[in-house]
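Report on the structure given below.
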Amino acid sequence: MTSSMLNLPTSIPWLTILGVVPLVGSVVVLLLPRARETMAKQVALAFSLVTLVLTVVLALGFDAASSAPFQFAEKYEWIASLGISYSVGVDGIGLVLIALATILVPIVMLSGWNDVAPGTTGRGTVKGYFALMLALETCMVGVFAATDVFLFYVFFEVMLIPTFFLIGRFGGAQRAYASVKFLIYSLVGGLLMLAALIGLYVVSADVLGQGTFDFMQLVGIDIDPGTEKLLFLGFFIAFAIKAPLWPFHTWLPDAAREATPATAVLLIGVLDKVGTFGMIRYLLPIFPSASQWFAPLVIAMAVIGIIYGALVALGQSDMKRLFAYSSMSHFGFIALGIFVFTSQGMSGSVFYMIAHGLATAALFIVGGYLMSRRGGSSLISDYGGVAKVAPILGGFFMFAALSALALPALAPFVGEFLVLLGTFERYIVIAVIATIGIVLSAAYALRLYQKTMTGPVAPGIDGMKDLGGREFTSLFPVFALTLVLGVIPGIALNVINPAVDRTLTTVGLTDPQPVLTGTEGGQP
Amino acid sequence: MEVTTAAGGAFAYLWLLIGFPLAGAAILLFGGKRTNRWGHYVGTLAVVASAAYAVILLLALMGRSPEERTVVQHIADWIFINKFSASIALQLDQLSMVFVLLITIVGSLIHVYSIGYMKDDPDRRRFFGFLNLFVAAMLLLVLADNYLLLYAGWEGVGLASFLLIGFWQHKNSAAAAAKKAFVMNRIGDVGMSLGIMLIFVTFGSVTFSTVFDQAGEASDTTMTWIGLLLLLAACGKSAQFPLQAWLLDAMEGPTPVSALIHAATMVTAGVYLIVRSGPIFDQTIVASTVVVIIGTITMFLGAFIGSAKDEIKKALAGSTMSQIGYMILAAGLGPVGYVFAIFHLLTHGVFKANLFLGAGSVMHGMKNRENMRRYGALRAAMIVTWLSFMAATFAIMGIPPFSGFWSKDDIIHAAFEHNIIIGICAILAAGFTGFYMTRMLVMTFFGKARWEDDQHPHESPPVMTIPLIILGIGSIFTGIGLLFWGNIETWLEPVTGFETRELAIPAIVLEGITLLVVLVGAAVAIAMYRRSVAVEAPKGNVLVRAARNSMYDDAINDTIAVRPTYWLSRSLVWADRSVIDGIVGGSAAFVGGLSGRMRRLQSGFARSYALAMLGGAILVVVVMLLVRLP
Amino acid sequence: MSPSAYVVLAAILFTLGSVGVLVRRNAIVMFMSVEMMLNACNLAFVAFARMNGNLDGQVVAFFVMVVAAAEVVVGLAIIVTIFRTRRSASVDEPNLLKY
Amino acid sequence: MSGVLSASVVADTFTLPTIDYGALAPVLIVAAAAVIGVLVEAFAPRGARRPLQLVLVFGSLIAAFVAVVMHAGIRQLDGGGAVAIDGPGLVLQGAVLLISIVGAMLMAERMVDPAGDAFAARASTLPGSEDERQFSSRGFLQTEIWPLMLFAVTGMLLFPIANDLLLLFVALEVMSLPLYLLVGMARRRRLLSQEAALKYFILGSFSSAFFLFGSALLYGYSGSIKFGKIAEAIAGNPGQNMLILVGVGMVAVGLLFKIGAAPFHQWTPDVYQGAPTPVTAFMAAAVKVAAFGAILRVFYVIFGGLRWDWQPMLWVIAILTMLIGAIVAVTQTDVKRMLAYSSIAQAGFILLGVIAANPAGLRGAIFYLVAYAFTTLGTFAVVTLVRDSTGEATHLSKWAGLAKTSPLTATVFAIFLLSLAGIPLTSGFIGKFAVFTAAIEAGAMPLVIVALFASLIAAFVYGRVIVLMFFADPPADPPAVVVPSAFTTLAIAISVAVTVVLGIIPQPFLTLLEQAGVFIR
C-alpha cells in the first residue's frame, strides 16, 4: 500500500485508546465474581478482539509512503521537571509489532482457554490469568508505541510484573524458580538500562541545555565517544538479555519450560522482540558510532547464538526447552540482520520478528495441545506415532516444524533469507557460517517431528483424540498468516522498509553496491 | 540471444500449470475425510489437466519462431527490499517446456498407476495430495524465472519427497529415511542459498535473464564460486557424490513415489539447474570440470551399487544414480553436452519410470517383497509387466533402436569429443549398465522360481498395467521421436546453445564399441545368473560387499558428520547447564552465602554493636583525614 | 595552664568513657560511662568557650547537663524494667534479638 | 580564676534574641499539646484519657500542618539564627507531620489485637506476672504513649530546621528519648521489646556523645555554634586543621546513627523487630525524614565548603550501607527484620542524594524520603494485620500463600514491595530515579552502579516475598488476616494512595520541591 487505505481523523488519540482498551478489559475481568469463570474468559476475549479490530483500523489508516517519522503521534507533558513526556507514535516497525501483539493475544487466549483448571499445577484464578494477559497486552502496545525513551523504559519494566505473575502463578512445577530467574535477569538488564537512561538524560542536558527523554530530540545529539560506548552497553545488555542473545539466554529455557504455552507465546513471541526492537529503534539512531564500533561483537554473539542454539536444541530431550533454544537460534538471525547495517538485513530482521512470533505461536500452541493430552509431559521420549492417531494435530505439528526450519513460502523463510542476504553483502564468511544454521534447524525440527509424530504408536498415545474445534480455530489463523506472509510478504515489507531506510540514514550507512553495477561497497 | 515475450494468448494462463495440482493438493489435504472416496480421482485429474494444458502450450510454442519461444508471466511481487527483488514470475521456454511435459505426462501415468497400487492403503487420499503437491512444486521449480523462486520450488519438492518417503511413517525406517533425505538436501541447499546471494551481490539481481546477460562481465573466481555452490545444490538434489547416501534409503517410499520423484523428475532437478545455469558454467572451466568429475564418480558409484543390490528397488536406485551421473557428466561438458544431458534426462525419465512401475507391479504380485533372490521365472505370471520391463531394460542398456540408445550414445559421443578418458569411463559405465540390468531382468523374470511358499504371483490390474504399456511404448520410441521428429537439438539450442566438434573416430565405430561393451556386460550377467541363484546372498569379495553396503556411505557420513555433530550438541547441552547457567546460579549462591555469613555479625550484643560504631567513627575520621593527606 | 590542655583532657575523658562503654557489662556502669563522655564534651565546650572568648560554649554546657539529666531518667527507667524482669543489669543478658 | 572568668562574662554584652513565634508555630503547637497531654495523664479520669489524648494528638498535628502550609514561602532565620525557616525545612516539617498523623492512626488501632492496642497495659509490670494479667484483663490501655509521641514529633519538627549545633542536639534528644521509651512498651513479646529499648537507648546515647563531641570541636574551630558562622569560618581559612575534620566526622557519626547507616546500623534490625509494630512504622518513617533533613542541612549549609573532604567518606558509608542492607536482607526469615534491613539499604540510596550535593540531589533526597516513608508506614501497617494466636505472625513462612486467604492484603503488600524495589509507576521508582539522576549529574556514576547492584539484590528480597505470598501454598496453620478499624484501614489507604500517585503523577510534588528551593544560609 503506497498510501493509507482510509483516512483517520488525527484528532483522536488512536494509540492511547489502543493501549487503554485492554487495560480497561483487565480491570473489568478482575471485577467479575470469581465464580463466573466462563464469563471472565469471554469478556477477556471480547476485549482482545476489540483491540485487534482497532489495530486493523490503525493499520489501514497507516500511510507507508508518508515522510513523517511517526504517525498517530501524541505528546503530553508528564514529568516536565525531568524532561519526560507521554509521547507515543508508530513507524512501520512499531506498527507491525503492535499488530503481532494484538493478533497473538486473542489466539493465545483461545488456546489457553482451559489452562487454569483444577487438574493443573497453577495456583491462580481464571480471571486473574486472563486479566494479566490483557494487562500485558497494554504494556506491549505501550512499549512499541512509546516515542519517549523514559516512557519506553517504564513499559519495558512494568511488562515484567504481569509476565512474572503469569509464569509464577500459572506455570508448571518449577514455576517459582523460573519466574524469579526471569525477574532477576530482566531486572539486571533493566537496571543497567536505567543507568544508561539517566546518563543519556544528563548528556542531553549538557548538549541541549535542558535534559530531555524525547526520542526525536535525542537522535543525533553528539556524545563523546567514551560515554557513548558506555551508554550503548547499558542499553544493549538490557536488550540482549530480553532478546535473548548468547550468552544471556539461560533464563529462557526455564521460563519457556515452566510457563503455560499461552504465556510462553506472549513471552517469546512478543516480549522478547522488545529487545531486538529496542536495538533498531534506540541503539542505532541514538548511538550510531558506538553501534558500528560494537557491531563486530554483536555479530559474533549473534552467529554463536545461531549455531549454539541450534546445536543445543538438537540435543534436547524436552520439547519446550527445544522450542526455547530454537528461538534463541532465530534471535541470533534477527540480531545479525540488524547489525550488518544493510536494508535487506534489517528489514529481514523486522520481518523475521513477525514471522518468528507466528512460528513460536505455532510451536508452543500445538506443542501445548499435544502435551495437554499426555498429562503435560514435555519429554520427547513420551511420544511417538502421534500423527497416525491424531492426523490434524500431526499436520499442524508438521507445519510448525516447517516454519521453524524456515521452509520457503512460509513467513520465516523471507526473514531468514533477507537476513542472510543482507549479511552476505558485507560479511561473506559470517553469512556462510550462519547459513549452516539452516541445516541444523532442519535437523532438530525434523528430529523432533520424527521422534514424536512418526514411528510406531507409543504407549499412552493410542486413543489420543485429535484437535477439537476451539483448538483448530486457535491454530488456523497462525497457519494462514504464516502462509500469507510467506507468499506475499510485501504487505509487511512495504510498511517496514521505509522505517528501516530512515534508521539506516540516521546511522549514515548505505547498502553496498552490486559488484557489476557499482564500485564502492561490495565485499569486505 | 532470444527475446522474452509477455504471456498472452495460450500462455495467458501459464500459472494454471501449477494451479491445477496445487488446487488438487489443497482440496485433498484440507478436505479431510470427506474426500476419501473420490480424492484420488481429483488428484489424477488435476495432473492430467496440467498435462493437457502443457501439450497445448507446446503446440503454441512450436507455432512461434525459435527466438520468440521464451514467455514470461509476472504473477506477483514476492520479496523486494530496495535493490533486491525476486518476483513470483513464470518463464516458459524450450527447456522448461520439455520438463513440464515430462513431469506432467509421466506424472499423470504414475497417478493413474497409483490408483491401483495404493487401492488398499487407508491414506490413499493423503498420498495423492502429496503427489499433487510434488507436481506443483516441481513445475514451479522448472518454470521459475529467477533463482529465488526456483529455490522455493526446490525446497517444495524436497518437502514433498520428505512427506512421501515417510508416507508409511509407522515404519521407523521410513521416517528415518525421510528425515535423512531432507537434511542431506538441506546441505545442498546451503550451496543453493549461498549461490543465490553471491549471484545477487555480483549481478544485483537473481532473475535468469538479467544474470545471464551479464554473465560474461563477472570475474572468473566469482563465477567459479557460483558454479561450485550451484553444483553443491545439484549434488544434494540429484544424489550425486558425496551427497548420494539418501537416495537408496528413499526407496522406503511407495514405489510410485520412487518412480516419479526418485527416478523420473525430482532427482534430475540438479541436471536442470546446471543446464539452466549454463551461461554461468560456460564462464568457468574449473567448475564445469568439477561437474564432469562428480558426474563420472557417481556414474561408477551407482553402477557398482546397482550391480550388487538384491532388493530390486535399491538396484534400480543405484542405476538411477549412475544414469544421473551420465547427465551431470554431460552437463559438465558445456554446450556440447547440455542438449544430450536433457535428452538423456527425458528418455531416462520415461524408461526409468517404466522400470520402477514394473518393479512395483512385480512387488504388487509378490506381497511387496523386494528380494530378487526370491523372485525368478515371473515372466509367465505377469506378461505385461515382463514385456514392458524388457523394453525399458533394453532402453537403458542402449540397445538400438530403444530410446536409451540415442541419448546415451550422444553423451558418450560428446564425452569423447571432450576428453578421451571421460569417454572411456562412459563406455565402461555402459558396460556396467548392461550387467546390472540384465542381472535384474534374469533374476526376476527368468531362471527357476525361488519364491517363498506363500507366494502366488499374479499380474496387476489394468489401472496399473495400462500405464506400464504406455511407458513401455515410450521406452521404445521416445528416443527416436525426440531426435528425428522433435529434433531436440535445434529445439533446445536457443536456450542451451549447441555445438558439435569433429571426432577422430567415426561415430558409427564408437557406437559399435559401446554396443559391444554393453553386450559383454549382459553376457556376463546371464552367465552368472541364468543357471542358478543362491537364495542366500553369497559372501562375495571385498568389492561386492562394499557395493552391497552402498560403498559404506552411511558409515562414512556417520564418522565425518553425524556423530561429531551429536557429540558437539551433547557437550554444548552440558556446557549450557553447568558453565553458563552455572555461573549465574553460582553468583546467586555466592550472595546467599555472603548474606548468611554477614548476618552472623549481628551478634545481638549491644557492646559489640557499640564496638562496631566506634570502629565506624574511627573509619569515618580516618577517611576524612586520608583525603586531606595528598 | 592553657585552655588547650583542657581540650586534651576532655579528649582523654571521652576516650575513657567510650572504652568504658565497650568493656563494662553492667548497664548502669555503661550508662555512667556515657555520662562521662557527655561531661567530657562539656569540658571541651567550656574550654573552647574560654579560648574563643564567648559564652556559647558555656551555655551549651548547661543545656547538655539538663539533657543528660533527662537521659538519666529515661535510661534508668528502662534499665530498671529490664532488671526487674531478668534480675540482672548485664547488657549481655538480653540477647534474643540477633542475626 | 573564676573572677577572671566572670569579669570576661560581664565584658561581652548580652543581646536578647528576637523570636518570631508565628514562624515557630508548628513546633510550639505540638510541644504545647504534648505538655497538655502530660497534664491529662495526671488529672483526667482513666476513661476520659484516650479520647482526650486522641483529640489532642490529631488536633495538634493537623493544626501544626495547617500552620506549616500557611508558612509556605517564608524564608528567614529566627531566634537569633538558631532556627532556619525555609522551603526544604517546611516541606520536611510537613512531611513529618503527615507521617506522624498516619503513624498515630496505627498506634490508635484497637481492633487488631483482641487484648487491646499494641502497647503494654502497664509498662512497669513484670512480663507474665499476675498484675500484668490483671491489667490487661481489665482492658486498661496505656495512654502515656501519646504525650511521648508528641514530644518525639516536636523533636522531629525542630531537627530539620535547627540552625545551630545546640538546638540540633536538643532536638536530637527530644526526638530520641521518647522513642527509647515507646520502643519498650510492646504488649506482646515484651522481653524482645524491652531488650530493643535497652539497646536503642545505650547505643543512641553513645552516638549522641559522639555528636556532641564533634560539635564541641566545630565550636572550638569556629568559635560559634551557628551553622552560618561555622560555614563562614570554614570558607574563611581554607587550610583546615584536624579540629574541623574530626569534628565533621564525629557530628556525621551522630547523625548517620539516626538514619541507620552502616556501620552504625546494627541497632536497626533489633529495634525494628522488638518495638511495637506501630512504633516501628512511625520510627522507620518519621525519624528517617527528620534525621535526613538534619543531615541535608548540616552537609549543605555548614560543610558545603568541605564537600571534597566528606564526599569520599560518605561514598564509603553509602556503599557499605546499601550493600550490607541488601545482602543481609536476603537470608532474613522475619518480616519486620527483613524490612529493617531493607530500610538500611534504602537509607544508603538516599545518601546518594546527599553526596550529590546539588539542588537536584536535595530535591531527589526529599522526594525519596517522602515516598519511602509512606511506603514503609504501609508495609508495617500490613504487618500488624497478619496475626496468629501469639500475636503478629512475623515469620515469613507464615506468609506463604497469603494471596489465597486474602488477595487484597497480599496485593496491597505487593504494591508496597514493588515500590521499595523501585518498579516504575510506583513512588519508589521516581525517588530512585531522581536521586540517581542527581548523583550522575554530580559525576558519581560508579556509586550509582553499586546502588543498582544493591537494588537488584533488594529486588530479589522483595520478589521472594511476593513469590511466597502469591506462588506458594499456605502453611498448615495459616495466619488470620484481621479486619482492622477505620484507623489502620485509612492509614493503609493513604499509604497506597501516596505510593501510587507519587509514582504516576509526581510532577506536582516535584514542582513543590522546586519552589521550596534550597536551604537558607
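Note that the chains take the letters A, B, C and D in the order they are written out, and that residue 1 is the start of every chain.
In the analysis below, a residue touches a chain if its C-beta (ideal position, glycine included) is under 8 Å from a C-beta of that chain, and two chains touch if they have at least 3 such contacts.
Fair warning: this is a prediction, and the values are worked out from it, not measured in the lab.
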| item | value |
| --- | --- |
| Longest centre-to-centre distance from chain C, chain (CA-based) | B |
| Contact-richer chain pair [C-D vs B-D] | C-D |
| Where chain C and chain D are represented by their mean Cα positions, the distance between them in whole Å | 24 |
| Distance from the mean Cα position of chain D to that of chain B, given in whole angstrom | 80 |
| Whole-Å gap separating chain A and chain D, where each centre is the average of the chain's CA atoms | 45 |
| Chain centre separation in whole Å, for chain C relative to chain A (CA means) | 66 |
| Shared-contact residues (touching 2 or more other chains) in chain B | 599, 602, 604, 606, 610 |
| Of all residues in chain A, the ones touching two or more other chains | 184 |
| Chain C, residues touching no fewer than two other chains | 18, 21, 30, 91, 95-98 |
| Contact set on chain B toward chain C in their complex | 599-600, 602-607, 610-611, 614 |
| Parts of chain B lying in touch with chain A, wherever the complex brings them together | 29, 76-84, 88, 126, 148, 151-152, 154-156, 159, 162, 166, 169-172, 174-176, 178-179, 182-183, 186-187, 189-190, 193-194, 196-198, 200-205, 214, 217-218, 222, 565-566, 568-570, 572-573, 576, 580-581, 584, 588 |
| In the complex, chain D residues that touch chain B | 198-199, 202-203, 206-207, 210, 240, 242, 245-246, 248-250, 252-253, 256-257, 262-264, 266-267, 269-270, 308-310, 312-313, 316-317, 324, 327-332, 457 |
| Residues on chain A engaged by chain D in the complex (per definition of touch) | 77-82, 123-124, 153-154, 157-158, 160-161, 164-165, 168-169, 175-176, 179-180, 183-184, 187-188, 191-192, 194-195, 198-199, 201-202, 205 |
| Residue ranges of chain C in contact with chain D within the complex | 7, 10, 14, 17-18, 21, 27, 30-31, 34, 37-38, 40-41, 44-45, 47-57, 59-60, 63-64, 67, 70-71, 74-75, 77-79, 81-82, 84-85, 91, 94-98 |
